[in-house]
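There are structures below to look over.
First chain A sits with chain B, and in the next complex the same chain sits with chain C.
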Partner chain A sequence: MLKNLSLAATLVAIGSMPAAAEKLSDNAVRIGVMTDMAAVYADLSGQGSVVAAEMAIEDFGGTVLGAPIELVSADHQNKADIAAAKAREWIDTDGVDMLTDLVTSSVALAVQEVGKEKNRVIMVVGAATSRLTGENCTSTGFHWAYDTYALANGTGTAVVKNGGDSWFFLTADYAFGHSLESDVSKIVEKNGGTVVGAVRHPFPTTDFASFLLQAQASGAKIIGLANAGSDTINAIKQASEFGIVEGGQNLAGLLMFITDVHALGLDAAKGLFMTTGWYWDLNDDTRAWAARFEEKVGRKPTMVQVGVYSAVLSYLKAVEAAGTDEATAVSEALKSMEINDVFTTGGKVYANGRMAHDMYLVQVKKPEDSSGAWDYLDVVRTIPAAEAFQNPAETGCPITN
Partner chain B sequence: MSVPVQARAGRFNAVHVLVFAGALIALGALPFAVYPVFLMKAMCFAIFACAFNLLLGFSGLLSFGHAAFFGSASYLSAYALSAWGLSAELSILFATVSSAALGAVFGAIAIRRQGIYFAMITLALSQMIYFAALQADFTGGEDGIQGVTRNPVFGLIDITDNLSSYYFVAVIFVFAMFAVYRVVHSPFGQVLRAIRESESRAKSLGYHTDQYKLVVFVISAALSGLAGGTKALVVQVASLTDVTWQMSGEVVLMTLLGGMGTVFGPAVGAVLIVTLQNFLNSFGSLVTILIGAIFVVCVMLFRRGILGELQARFGRK
Partner chain C sequence: MTTIFDMPIAILGLQILIGLQNGAFYALLSLGLAVIFGMMNVINFAHGAQYMLGAFLAYILLSWLGLGYWWALLLVPLLVGIFGLAVERLFLRHLYHLDHLYGLLLTFGLVLIVEGVMVDMFGASGLPYSKPDLLQGAERIPLSWVTGNERDIMMMPVYRLWVIAASIVVCLIVWFAIEKTRLGSYLRAATENPTLVRAFGINVPIMVMLTYGFGVALAGFAGVLAAGLQAVTPHMGSSLIIVVFAVVVIGGMGSIMGSILTGFVLGLIEAVVKIAYPEATNIVIFVIMICVLLVRPAGLFGREA
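Presenting the complex of A and B:
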């Protein structure tokens, strides 16, 4: 009897194995990396993100629940309409189960809407806007590496605590710049600092001379750059020509990546504060991963690229834990997991889709302190996850349990 | 530049009727072979390019600011759909009428000058629309208007699934193509061509050329608005992409590739460009390079554009 029972149990177990595979749509898990391959974000994301996703699939073993893992990629050209149309096509005709990277805010918001409509997991890594896990949050949408709140909060708080208590803002004159300026201002004031003024520059701007003169004349210790991309780069270059750092003022970049520092060079960028979600030179694991990545791509990874690795790896773990690639079940599995990989240890996924992990306030090294290419940053402070990211209850996201 | 059309006002050419019928059947069958969202997007750009061609191909006016009409219509239609909950056809109508009004203002200013000055004035005006879109609250800045809903047509017919919205867009497309065809093959269209060939001669014949130019500008703006408004419904996003000067450039490219001064050539050009953007984007940075290379090849080998060259070679004189 007992023998029969165990035989029956074995039979049931064998019988349930193909059933697990059937729980995967089209008997495969397909991951789509959508990013900017050729324009402004190609260096910080681009082909490097595709390579990072490949590395995650390789490290996971190439199959999940006995089914193959396939990777597709596309260039969204930073256009929300192209991205939304491609995402629909991927989901409707190619059976893509999860989309990741999505490096521009408008693109990420558009694709996350598509994911909500079609019930697919969307793991945004490259885009910055906090709206993704705020008013526009969805139950199957995730935001992985960083967001504007974390950058504003990290840089604002930490710089004030490090003595930079008077601020002047150089703000790009559109919604993104305004919201970044107001976010950081609140944080600076909350921490006992003062905002002595701000100047709005048109988007995009190439000549920052008059704005920098105002910033210099303000006498503020910190000049906050509430802009992004080429505006930030131009402002930093010209600030260096004006000798602003030598004059005792420091710049704080609110949306910057290590690739920006690489492009600027240490001479122009030295002394700059910024917040990052990851740096390749944190510990042995990150150095080893970065070396592996560099071998394939030819440069060190950014927080976005390693974020794509972490997102894909976590997704695959969640698919395995849930036993299906159905988006709601996978999302629940993701939210109950602890994220431990080269990107972070002890990372938690909040109900609104925000992956909370430690962030780092870093300062760009002086040329004489650097040992060579990519040795650019000093970690000034580790910002614990709970402090770095906004409390989900305050984000305006209706999904709170 | 010879334009192979014989306008017999008020009557249809038998060949044209046949072509129209064939195209209608193809339109009905296509979504079963090709992904409908892609087709809808291609149709929107085809309307946009044909509308633009009314100015460039048939009136000789190079507007470098048509993204203003296309993009503002896309925003207005997206806003009407999501914030006011207007039905699909009313939102698109609202966007079209607004674009026509904007076209009347832009046109009244721009047609006072010719050539490069005309192009620069339209560019400047459209940049004003771009900055307004960047700054205004309702456009969502660089995030755009997201999650646009596909509201039912007439408040009754559900178009949330791709196939039914395809047929809705196809109806709009056929209507727009017919409108362009009628404008071109009318006495009004004849006068436009006369203005294109020689404005002073048209004037000496007694035509108020400014009025004609203004009217065709408004028609072109309205149809561009129709295209933009429909596109917001299709891709469910309205973003800055649609109002940038690059979009104004893209429509020039579509028109030149397809065949400037042919009725439907620009539609062919638009479909070609959208197809390239869609199918090459998995090859990374190749998209822009390839489109550039194709443009150079087209300009060197067939100046009249794809359809223009076909028409010139095979017959219809």
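Presenting the complex of A and C:
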């Protein structure tokens, strides 16, 4: 009898929840950060992305539409099958409403498909491939911090305009490397440069000596590194052994994060151009946010980590504006919002899900110009959003409004 | 300039030297594995992690204690070797009477733990390590004595020459110690018949423990050499170790000279593939392994059981 009474009381209590919360699935908004916790991308995303998401929830106030905001996280080990299975589990049994970070292109493509099938918001931050908002775009999928088009456009254009008009590529032999090489080749040729050759190296490679010698023998002015992480680091480190830069050739790292510069050291990285969506030392706001992050994580944030913060914060604002956590409504709210936070000001979300914001062409400082750890980059040029990202009409994405 | 196959001979020569230098790592690492397998019948999957520890210890000695490269070459193998002794004493010793598989699983578990701890402490993206001034720069190696052309000059980085030389010297010392000295003969006898050797008053368990420590120390030494060439990362060993296992299988499990020669030769073959068809670099060694196993199941230098 007593049991029945308490059950009845519970049912009454549920029935009398505030009206706003009824529009939320399970009376809570759940955000899942899926990332690489232990392998090559753990420093540029990883636990730092989880902390950034926590900071966003904290700054938003911990509740939305009167309901609590919950955070879950998981390690996808850079494997698309693991990621897709985990995403289904999160959505089906844990009631997760939005998934973010998703570093590694293959993972992001797989999870974005799951989001399309299950009608959930997918906000990719860590992965690079521009296919996410091109041929593989979805109506509830978003791409936040950068993409291969923006990298190719930023670094490629700047280098050709500085006189680097003949290129040789060292390309990681898998989907990401190939798409980066092809994006950059188009930009180089569009700006009047030529591509004299490429060598496809296995992923990962620790000794680049042989490939560097082939690049050296090509006589190209620029050796473009269409790879990432430890591959890029080792290629740059070993290039100095063979006097490639002294010999008049220059290297262009096409996807580099501040953690890569940290790993290389300024001696090896000085003078390199790279394109980034964010740098901690842009203004007082970015410096303050970075200091808060560093206190928790022990290093400065990358554009991916601050991008996760911006994605989560924007998602919560969109849930509030839409008055629901239903994915289509939230996606529409996101696409009609202007993104203003520590990551960007005046950011716009295109119909294909691409968040267009200013990008920065930066150059790595010389050791004598740096005041110490993490003071690594000079902003050479701010690339306006409209120029940095591809016009949605040209991306091959069928979603146009 | 003289050319062969449209390639300047100086560049070709350099590629071959670099192949030899990569072979030097294969030789050093497969040698340690061969010593451990030959003497103890343990498949030491942790060899890559111990090599990675060697590189990290070199970094730690330099950045925390200010001890440079030469000190690292001396101290790191000792420290990594002591780590190996502890592993043998605490864990491996209890598995000798079981199937090979248990030792493999144990050492694989160690890899996961050690890599996890290093990622947690130092991050995944790697650390820079600077070479000593003496080994900076590049050496001009004239080839005019071969081609008669004064312009044929190879510019080989000094550090890579040093890696080749150091590796050859260490490999030969190990081979000599095991095959030609009295201590080596005890070791070989103890693997053939431990009970009989014990009857002669030789402490076999201690000898086995020291053997493991020594094999692991070789991995630590290779790690210090690698620190000067590439970024020091927690995963630097796991990408190498599979190839090194293939080298050991090709050479013949447990054969000392077989491992050394196979290591250098495979480095050279890889160098040729890197020029001719770079995409196949990752698989060429495994293709060779399959071919060798089809013809000689015990490996090129292994004895048929």
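One rule holds for everything that comes next: the second predicted complex is superposed on the first by the 381 of 401 C-alpha atoms of A that agree within 3 Å, B and C clash if a C-alpha of one lies under 4 Å from a C-alpha of the other, contacts with A are read in each partner's own complex, and residues count from 1 in each chain.
In this text, contacts are C-beta pairs under 8 Å (C-beta built on N, C-alpha and C of every residue); 3 or more make two chains touch, one makes a residue touch a chain.
Bear in mind the structure is a predicted one, so any value in this text is a computation, not a measurement.
> Is A:Ser210 contacted by the first partner chain B, the second partner chain C, both or neither?
A:Ser210: touches chain C, not chain B.
> If we overlay the two complexes on their shared chain A, which of chain B and chain C does A:Thr129 touch? Say first, second, both or neither.
First partner only.
> Classify the contacts of A:Asp173 with the two partner chains as first (chain B alone), second (chain C alone), both, or neither.
A:Asp173 contacts both chain B and chain C.
> In the overlay, answer first, second, both or neither for which of chain B and chain C A:Ala85 touches.
The first partner, chain B, only.
> Once chain A of both complexes is superposed, is A:Ile233 in touch with chain B (first), chain C (second), both, or neither?
second
> Per the contact definition in the header, classify A:Ala38: touching chain B only (first), chain C only (second), both, or neither.
A:Ala38: touches chain B and chain C.
> Taking the superposition on A as described, I'd like to know which of chain B and chain C A:His76 touches: first, second, both or neither.
first
> Please indicate which partner A:Gly265 is in contact with in the superposed arrangement: first for chain B, second for chain C, both, or neither.
Touch partner of A:Gly265: chain C, not chain B.
> After overlaying the two complexes on chain A, where does the chain B footprint on chain A coincide with the chain C footprint?
Of chain A, residues 38, 42, 46, 173 contact chain B in one complex and chain C in the other.
> Contact residues on chain B for chain A in the complex?
Residue list for chain B touching chain A: 35, 37-38, 41, 134-135, 140-144, 146-147, 162, 231, 235-237, 239-242, 277-278, 281-285, 287-288.
> Could you pull out which chain A residues touch chain B in their complex?
By the definition above, chain A touches chain B via 37-38, 42, 46-47, 72-77, 79-82, 84-86, 88-89, 92-93, 105-106, 109-110, 113-114, 116, 129, 131, 136, 173-176, 203.
> In their complex, what parts of chain C are in touch with chain A?
Residue positions touching the partner: 7-8, 11, 14-15, 18-19, 21-22, 115-116, 119, 123-128, 130, 138, 155, 157, 159-160, 229-231, 233, 235-236, 239-240, 271, 274-275, 278-279, 281-282.
> Can you tell me which positions in chain A touch chain C when the two form their complex?
38-44, 46, 173, 199-202, 204-207, 209-211, 213-214, 217, 229-230, 233-234, 237-238, 241-243, 259-260, 262-265, 267-268, 299
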